[in-house]
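Heads up, the next two complexes both have subunit A, just with different partners, subunit B and then subunit C.
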Partner chain A sequence: MSEQRSRSEAKTDAATEVEVPKEPSMLLQKELISGHFDKLAEAHERGQKVVYTFVPGNLTELLLAFDVLPVLPEINALQAGMRKKSGAYITEAEKLGHSEDVCSYVKCDIGMARTGLGPTGKKMPPPDMLLLSYTGCFTFMKWFELLKQEFPNAEVAMLHVPYQGDGIVTAEMRDYVVKQLRTEIVPKLEKLTGKKLDEDKLKGLLERSARAEEDLVWVLESGKHHPSPIDGYFGGVFYIGPIFTAFRGTEEGEHYYKVLREEVAGRIARKEGPITPLGPLNDQRYRIVVEGPPNWTSFREFWEMFAVEGAVCVASTYTKVGGLYDFGFRHDPTRPFETLSDYCLGCYTNLNLPSRTGMIAKYVKDYQADGFIVHSVKSCNSFSAGQLLMLREIEKRTGVPGGFIESDLVDPRYFSAANVKNRLESYFQMIEQRRRGGVGAASEVSP
Partner chain B sequence: MRSAAEIAAVCEEIVLDVGLSCVLRHRAESGKKAIGFLPIYAPREVVEAAGMLSVGVLGGGDQIEIIRGDAYFQSYICQLPRSVIEMGLSGKLDALDGMLFPAICDVIRNLSGMWQLLFPNKYVRYIDVPHNHDWEVGGKFYVHDLRELGRGLAGVSGVTPSDDRLREAIALHNENRRLLRALYDLRARAPHLVPTAEAYVVVRAGYQLPVEEHSAIVREYLEAARVSGRAPLDQSRVVLVGSFCEQPPLGLLKTLERAGCYIVDDDLVLGARFLRGDVDETGDPWEALARAYIAHGSHTSSRYVAGEQKGEYLIDLCKKRKAEGVVFCAPSFCDPALLEQPMLQTALEAANVQHTSFRYSENTAQFQAIHEQAGTFSDSIRLWSEDQ
Partner chain C sequence: MSVEAFECFVGIDLGSTTTKAVVIDAAGTILGRGITNSRSNYDLACEIARSEAFVDAQMSRLRSALEADPVLAAHAKVLGPSLERSFRHRQHLRQLATLRRSCLGLSGETEALRAALTAILDEMQVLAERMFSGLAGADAKKSEFFRDIAGAQFQKLAEGKAEPKKLPYEDIVGVFDKAILKVENEPDDLTFEGNAREALDRTLDRYGKQGVEIRAQALAALDDLLAHPPVTRCSVGTGYGRARLPFPKAQIRSEILCHGLGAHAMFPGTRTVLDIGGQDTKAIQVDGDGIVTGFQMNDRCAAGCGRYLGYIADEMNLGLHELGPLAELSTRRVRISSTCTVFAGAELRDRLALGEKREDILAGLHRAIILRAMSILARSGGVMDEFTFTGGVANNPAAVRALRDLIAENYGERRLNISPSSIFTGALGAALFALRDAQTADAAAGEAAGADTFQEAQA
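Our next item is the complex of A and B:
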């Protein structure tokens, strides 16, 4: 396949679903994630405990220090969405009395829990513990209360992570989380596993986390290059997979980020863009920053809508939900509890709206973006409430136009391909017109 | 002596006045500033100890037309933040010098950030109540948060909320809480004497009045209701659940009663009754407020209680109030209420308590379908329940 493809050729491919080669790191990532699901399927047979927890504020190193396996229900839900299974699970949950108004991740997870299977079709062990890390999302709390109904024998541990209402982390906030780790989370994990916490082991895991984080940041910031060697949103989803799930602090995780970094470095040297579902995106017409999670049920189709226009996502906020590393934070093995606390407090959806707005405006400038798009999902009020105001503020601060599209995480009923595509096309046309000094250009504000 | 209906009519006028003229009048008379707070619960005592009026903001109800508010929220976000933004942008909240946003859901949480962006000159604080109820952990964190709130409010008013001032405010609110408990007890004993549409406006009027003034009104209403001579009707006794944040229109409450349901308990204007017991009036008042939150906070879907058996409190409440059924009455797109509802329904079914459910928004105008549903529910209890 030619690397420099015309837009009309790409549009044809989009219609005919041509298989394109995947990046080697994507294959490695897939292997890691599916290997984790395989390990989970036999966990109880091996006598290994299983702890359900959430991506934002996950305490993977702490869990691994106790040799327990994490299960991330959001990951299960999004994997089910990508495999086109989520619609049936959601319908099942709604039949059980769950409202159509609420988060589709929750309903997908509840529906899936009733089957006893995970998204790959393999057995999903019931939780030995529900570790509710209340970070940046109110729905998490209700989600785990609902899971407690499904799995009444599971122990529950609650970690309340205070919100950055004033846009800062105070010493008292950090201390509150540290105290909970010491008095609530660790004792319950010790009871569950019958082991004392091995702090040296935890520190070793945190050291590896920091090295992987260094590589991840390098990769994410490579989006500043022209052409961008990565897609920091759709591709970014694959890049964050290991570190946001079960592999932070592991050797496999550290290895993955080395491989990924080398791969991206190669593309920078060759001045290549990322591989998209339509092939390599070298002719990058639009550099876009994206706010909000992707749609999972039509993930490939959604990505193609960008790729076919020559739009590359140079940065995104979704790749920061499980850890905000590009503003300097790294896990610090010398102060394990404090660093876990800082990690939880700093996740993207735990930031207040002014901080989120400032962050996106900075991305637009730092990554020399032509525009930014807000993908607003019905399921996630933590992300979505206030996005329309953020959009206006960012436009005002950067002079760059914002686009707004709506769908959902894993409820296929809310992804209207024609509407999304239509909006995106209009948006890119508008950027084109502004470049030519047409409509909208006069109102441009200097950054 | 005014009749119960006359007192309720005055309260209704206050409640329906989205321009907060009542607050403006008090500001003018007292020279005090005012701080608003969103649902559910905010420690009003701290605001008042800092020399200001505390004003509950429960949205515009069916009293305002949403013009700008809709441009700030997607269609799947509940109605309350739209009307609050509308009120803010149209100057209806100009009487307020700041706003408190309690931790209740992601929408109210993010609304705090919107307020910071839209009204940079106003005081804004997010109240992060603790979900960890261990006194040494969550309790002390909350005490610190309360003191920070006090310092911030002092910056607005110029009045330091001293321990003595705070104790004084606590005593006044304890008195108010006792009166509201008496009102709810009377309604549960004799719901024909205290129609919910009246009780509701009497309670809610307190969100715009100084606490002493409100206590006087509740006291007067209680006396008037007891001697109102209203006759009991053959109605079902129900508990209303899910209306703790965005409030249903008054017409909806009247509809439920007309359809044959005596509401013998509810979570309307829950913030006014959030603390179910008194706050200690001796000792450290900051700690007393925090201890009261942990020990006496209401069971509601946005408050995490470790080890709680879901629905247990609701079943106990039904027993205590001799309720025959539960009406789930939640706003559309209300995550806390709607995510909680299936758990409560499961518990009620296990306890053989009947329930029905519907959704509303604060500006719902058509009640016919709700009337029919509530009427059928009431009939099913009265005519066909096993106890008949």
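Our next item is the complex of A and C:
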């Protein structure tokens, strides 16, 4: 990895730049996302309605069918985190009385809401509706309760998606969600916009979603190549950006995934790895599967800790929180309500521990990983609970070692770089030592 | 007799509290150990620990040489320790001289303060002579640092010199606190090579008639040793400050690996290692070859680590090494709920105010720190047999007792291994990695040479 620069150089960059050196598709992605924030800023001036909703279980196609613009609060929070603005917003929320232990996405979002601005500094319109698609994260519900206090004029709609407690989706579960969509969500959106639902438009959007999903899965599964042409975690969060936010079902979204797929195909042909903050990672020493979201406030530094060791993330669960496409699901335009229900039911956040465990174990095997790392987020109770049990079980099933690190989503106070780096270094060295069989038998010394 | 020229391998563990160095030979046998306080100047700490380890290594080589000599063997048991004491005496006096210089330099114009300092340092000089006299009970423990020994003496003597209003105790001790930093930041150039002869001379002088008889032979043994200085073939660094060590990345190993291997080397039956260091607690699982199979460390908080005890010692105005023995006197353990260092300090004061005994509170504090370690052990996969406890806290009898009890309660019977030199586990592991790296390099070179020969034969 001759392109890799020294730590101190990299550190200087991290302080001055916000984002990471780009693959061409990353530039396109950035353009899309910031374009969306620009559009949002003037939405109300154009007479366009704005609906706040969450990434897991988002009903983007349905919203776009009504010409409504979605706002994803957790995306706003993570964008603020990457731009080093979250600390101040969290402090603001704590001044309002929110405890230190509350999900830092929530606090960042609440603090930001008070400013009336979004993460890019553009105006953020207040919600015309809070659409809660409840997919496993209890905090989402509380979050919108709080936002309702901030924005008392917002309409509220809730889609209750049953938890996959038994690891399966039954016909009754699907029917239950479909019924809510028809009798609760659609009527509320019709009332909000004053329009009838145009089912053909919805089907057209779903068709484009399915095509983009096909390309996305192709890209994510390219991590099975040696060397992996993608980083399925740090790079992956860029890849999922459009489809997990406002671009599922859009032409721009579909186009983005075509461009991305071509770009990745090029790297496979040239046997190249992904571009990391330290340059292209072609010499890949460790193939890693990652569970849990990244830390956003030190995103680049965190990625560098992997890249500097030659570690590439071949697959991750975080890139599935907004939809689990690599296990076969595609939006089906012929059954719009059923397919939206299946989508919501299948989100990673809605899976039980055995399903998550099985999924990671499968990734470890399918992607020929040398190990897997759990990044545990202390303020995210619904997601972190059980992660150590998962770790043990996956180790048992796959025979590869698991690593465990802890920090936070967007609270900069909870990223202890020295500790995280120390654990990661130790972890990678452990894999190396096991691989080399300990470099000869240990010499024995009397105590 | 002759001493073979030899290669040695060095491991350095740059910890947050102390820096340790271990020197081993090509068979993996420990030759020498060195330890010093880690200070703001890591390079210096590293250098001091390394040079101490080399002095220790040369001492042990000399002892071996004496033992191997038919005439000198009978005297080795006396000469060895005496020589070592003589060396350490000299080192202590040097540090004391630096302390005196720097204390007087810092004392300013106040005549009373200067007089008090001079008197204290004079008395410390006397104490130094007594400490290294070799009389039973007079010896300073090797594990104690100059800072601790001198600090304890200074404080005690300062109490006698202080006068209310005229010369406050804090003023006198304040000078020491600054002066000791200067002592610690002065490189220690007491090499074996430069001082061994004089030390041996002195030792033989004190040995009376026997010293005269064996003098020529003993000095010849030393000269032979000096003619074959140790050569460092390879060094490996570990510990929190490892990035600061002047080694290439390939020669840096994480302390997890080093503690695993070091513990395995000390106790080959080890399967679980607990290391409680200054700022982190590590639970490590190793296989039968000392290869790490899993580990957990304390998360984003360093509560329950060695520093916790350091803080408590300061709060109680005790030396760190006094805590454990005092807690051992407890008859009724006080329950301390907080593992947060600062909160535990508050709890401690609160309990003292309520009239609880110091030893009972201390016993509770030791249990609190071990409870925290138990949770990390559980995370790492539990406690297997055999279980090896390493790090500075393993020298603390009260911590060991709490650990033993809690392991029996939670996991049943486990063999608990603690080496008296457990603080060197990480450095030993690093030294063994240095040895293995050299062996791997040799094997690779051997293969390459073999390939060349083969090619030549083909040609």
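Keep this in mind: the second predicted complex is superposed on the first by the 417 of 447 C-alpha atoms of A that agree within 3 Å, B and C clash if a C-alpha of one lies under 4 Å from a C-alpha of the other, contacts with A are read in each partner's own complex, and residues count from 1 in each chain.
By our rule, contacts are C-beta pairs under 8 Å (C-beta built on N, C-alpha and C of every residue); 3 or more make two chains touch, one makes a residue touch a chain.
In this text, all values refer to a predicted model and were calculated from it rather than measured experimentally.
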Checklist entry - A:Lys378 contacts which: subunit B (first), subunit C (second), both, neither? => result both
Next on the checklist: A:Ser416 in the overlay: touching subunit B, subunit C, both, or neither? Say first, second, both or neither.
Outcome noted: second
Checklist entry - Between subunit B (first) and subunit C (second), which, if any, makes contact with A:Gly402: first, second, both or neither? => result second
Checklist entry - Is A:Ser426 touching the first partner subunit B, the second partner subunit C, both, or neither of them? => result second
Checklist entry - Of the partners subunit B and subunit C, which touch A:Arg270 in the superposed model: first, second, both, neither? => result neither
Next on the checklist: Output check: A:Phe138 vs subunit B and subunit C. Expected answer is one of first, second, both, neither. What do you get?
Outcome noted: first
Item to check | Which partner reaches more residues of subunit A (counting touched residues only), subunit B or subunit C | outcome: B
Checklist entry - Between subunit B (first) and subunit C (second), which, if any, makes contact with A:Lys84: first, second, both or neither? => result neither
Next on the checklist: Which partner chains sit in contact with A:Gln180 here, subunit B, subunit C, both or neither? Use first/second/both/neither.
Outcome noted: first
Checklist entry - Regarding the shared-chain residue A:Lys191, is it in contact with subunit B (first), subunit C (second), both, or neither? => result neither
Checklist entry - Of all the subunit A residues, which ones make contact with subunit B and with subunit C? => result 378, 388, 406
Checklist entry - Which of the residues in subunit B end up touching subunit A in this complex? => result 71-74, 76-77, 81, 101, 103-107, 109-114, 116-118, 125-126, 128, 130-132, 134, 136-138, 141, 144-145, 301-302, 304, 306-307, 310, 332-336, 338-343, 345-346, 359
Next on the checklist: List the residues on subunit A that touch subunit B in their complex, please.
Outcome noted: 96-99, 101-103, 106, 134, 137-139, 141-143, 145-146, 148-149, 156, 158, 160, 162-163, 165-166, 172-173, 175-176, 179-180, 183-184, 352-354, 356-357, 376, 378, 380-382, 384-389, 393, 406
Checklist entry - Can you list the residues on subunit A that touch subunit C in the complex? => result 378, 388, 392, 395, 401-402, 404, 406-407, 414, 416, 418-419, 422-423, 425-427, 429-430, 433-434, 437-447
Checklist entry - Of all residues in subunit C, which touch subunit A in the complex? => result 24, 27-30, 240, 253-257, 261, 264-268, 280, 289-297, 299-300, 379, 381, 417, 419-421, 428, 432-433, 435-437, 439-440
